[in-house]
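Chain lettering (A, B and C) follows the sequence in which the chains are written, and residue indices restart at 1 in each chain.
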């Protein structure tokens, strides 16, 4: 059971990184991105590419980040003219286009089959590899969190929040909104791709089913439930949601419910959790800290 | 104040979850990952039944290592991701010494590769793609791979006098393998494959794909499809009038026969692995007595035999130690294990050496084998 | 050639009813309600259950549409009115959450397998070289009648006038004494009915499963946005354009380009055509083909 706990905690750390990425976009800058999972996918397929081409596995990371950066910039470009809800739909559409293309292009991406047999990270450390990986992911999560905190507490962070709250005012003060958007997308895409790369080498398998839109919505639920624009909050949200989702099968076993219960319960946890928080506690469990001791 | 309360709640939750341990087992457990939901749920049901009957048989004959055998069956959901998650649970929580699974090559291959990385013995009870051969050192199959099945199918199609065909298959490892191998054998024997259309599984309609194969104007349509997908494809082909005057041939026909209503499969013929082999009659009678109907697919017997093989390996190894079990499997592969599907021997790659196939035709709801 | 036109027409009919519902209600509630496609699935499931229980198909369909209309109003009052007070993006996320909950309900009540109406399945007839099934004809008729009635209400009744007034300028409409909340809920009710009918006709010709809604989401959005959100009947044109694009993508023989006699793009690329059109329109002409009631995108 302890091994399973390590497994769930590891995945939760990776989701935490993704939640931080989305938080930068949606929480701090007001960019309603529904195509986040495609950025994650750039990371996973970057790893797959390295494996397929016979490169050293670590080369998959820059490959994935490069692809994600391009995609992120494309999203940003779209955002110039569109208001937030339309941009959300546009990013969702693009993520779906990418997923469908991957599913059909067998030669390039392994198609619906995906690419399996990726090298498992720290495989040489068995039987302690699980704990080693968890340790690494915790360190990565902490580093990304530190980075995000520094970013949002800096002057640039202030401009992000201004763009979210009063875009007209920001423009009138001379802020280049397009540049802010581009930078935020680049940074958060790189973070998302990093999470994808680590995930690919954890699961040893990369497939288009990992990129379906419910995955993006899951990450959204982590941000909204955890606390919009509160980095610690979204990490808490990630852990809460991931543990809830992972332990559903055990509840099913304990209460002897049919197999469909698992999928339905997960949908209700994400959808119901999202809706409940949106209606009654839209700021999330850990609301954004406005103001604060250093006068920002 | 609120934060500390919440933090305390989290800590309690995590602590409680970590503390939950499974009851100490008096049984020997092995794991199985089977599609209990999704398009292949009917075949998955058939496989679970084969497993149940095998467990009864093993326990009636003294069990495994002096204890009762128990098989923990997890649902793969018909997807590679869920299959691997299920395997992770079996390996890390239930700590089984052998994992049997899955059904579709598209899921068996990632599952098998994960298990091989863990050094875990893996037994494939149903997947027939040639790629299964390369899964890895600790992966074995009790069903024969389909380089041979497609040759059988190609010959059967030609024997019926159809020289120009259109092929329709799902785009995963299994379907790709079938399409490629069939084309290779069919053209080598003098036939022509006018077009190959690969479809993505899980769609709500296949009209477009059907129209694409129709445009090829073949003598016959050759296809392969899982359970409920096959039913939908057959129904839509019927609605499009594509079954009038043009024969349809199903590779691995028992995958989709049970789910397809009679009116949509009139005149359908095909082939599949044999349901049972020599010595399988007892299995057949037991199955029909226990479940009140005949086999749902051809694959229950192979799942049954996977369990028999695993039990024999554990007994031979004398323990649940992975290295011992692997050696036992290798030895048994040379000696042979008698199962419901005949005598199972494994070649140097751990794949089954002899695989019987049968030709089938549809009569009403059922499939009838013919020569 | 006629088969191609007919295929595109049938596909557009798949989308048209729901796209019109989306467009009509958007101008009043000012956010894209993603849950609408799930309303269509509710309609299909409820109609199917009623039909299996013994009701004639027509009655089952109408009752189901009525029920879904009411359901849409209930959700609007309980959920969306509150969320819209915060921000339209929040309402969008809320509608996504509602879709997930509805999916879960379907999963628990009906399971993951696909269901079919217990209807006669007959092979297609041949008309002018194209194949047409009678269910497809029924669908065309139902769609034409529903859209016709809707247009009638919109343009010939005082209620319709109020609807258009509220859509164009809600504040001004309220100032003239129109009860905008009531009008909004009437439109929500009607759009729920249209969505349900769309779902039922789709299910009649294929099957209904929990994935039906999610698969339809983006094509329906593409059609509505193309036609100009808020321009309810423009959505019909949008649906036709999307359907034509999808049909072209999958029925064109690109064999000569790749050196084979016969080669088609995999049919599952069809949605890519509609999403690509959607993105292109959002980039370059977010107002849609026609003048839309919506001033901001």
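Assume a contact is a pair of C-beta atoms (placed from the backbone, for glycine too) under 8 Å apart; a residue touches a chain by one contact, two chains touch by 3 or more.
These figures come from a predicted structure and were not determined experimentally.
Colleague: Is the way these chains touch best called a line, a ring, a star, complete, or other?
Modeller: Looks like everything touches everything, fully connected.
Colleague: Once every inter-chain C-beta contact is counted, which two chains account for the most?
Modeller: So the chains sharing the most C-beta contacts are A-C.
Colleague: State the chain with the largest centre-to-centre distance from chain C, centres being mean CA positions.
Modeller: When every chain centre is compared against chain C, the largest gap points to B.
Colleague: How many angstrom between the C-alpha centroids of chain C and chain B?
Modeller: About 39 Å separates the centre of chain B from that of chain C.
Colleague: From the C-alpha centre of chain A to that of chain B, how far is it in Å?
Modeller: 34
Colleague: Please work out the Cα centroid separation of chain A and chain C, and write it as a whole number of Å.
Modeller: 30
Colleague: Which residues belonging to chain B are in contact with no fewer than two other chains?
Modeller: Correct list: 37, 171, 198, 200.
Colleague: I need the residues of chain C touching at least two other chains; which ones are they?
Modeller: Residues 112, 266, 268 of chain C touch two or more partner chains.
Colleague: Would you mind listing the residues of chain A that make contact with two or more other chains?
Modeller: 103-104, 260, 263 - these are the residues of chain A that touch more than one other chain.
Colleague: If we count contacts the way the header does, which residues on chain C are in touch with chain B in the complex?
Modeller: Its residues touching chain B are 7, 112-114, 116, 121-124, 126, 131, 133, 206-207, 209, 211-212, 215, 250-251, 253, 260-264, 266-268, 270.
Colleague: Any idea which chain B residues touch chain A in the complex?
Modeller: For this pair, the touching residues of chain B are 3, 6, 10, 13-14, 17-18, 20-22, 36-37, 75, 77, 79-81, 84, 88-89, 92-93, 106, 109-110, 113-114, 117, 170-173, 176, 198, 200-201.
Colleague: Mind pulling up the chain C residues that touch chain A in the complex?
Modeller: 31-32, 79, 82-83, 86, 88-90, 92-94, 96-101, 103-105, 107-108, 111-112, 214, 218, 221-222, 225, 266, 268-269, 271-272, 275-276, 278-279, 282-283, 286, 296-297
Colleague: Residues of chain B touching chain C in their complex?
Modeller: 37-38, 41, 171, 194-195, 197-200, 202-206, 208-209, 211-212, 215-216, 228, 232, 235-236, 238-241, 243-244, 263-264
Colleague: What does chain A use to touch chain C in their complex?
Modeller: Contact set of chain A toward chain C: 32, 78, 81-86, 88-90, 92-94, 96-97, 100-101, 103-104, 213-214, 217, 220-221, 224, 260-261, 263-265, 267-268, 270-272, 274-275, 278-279, 282.
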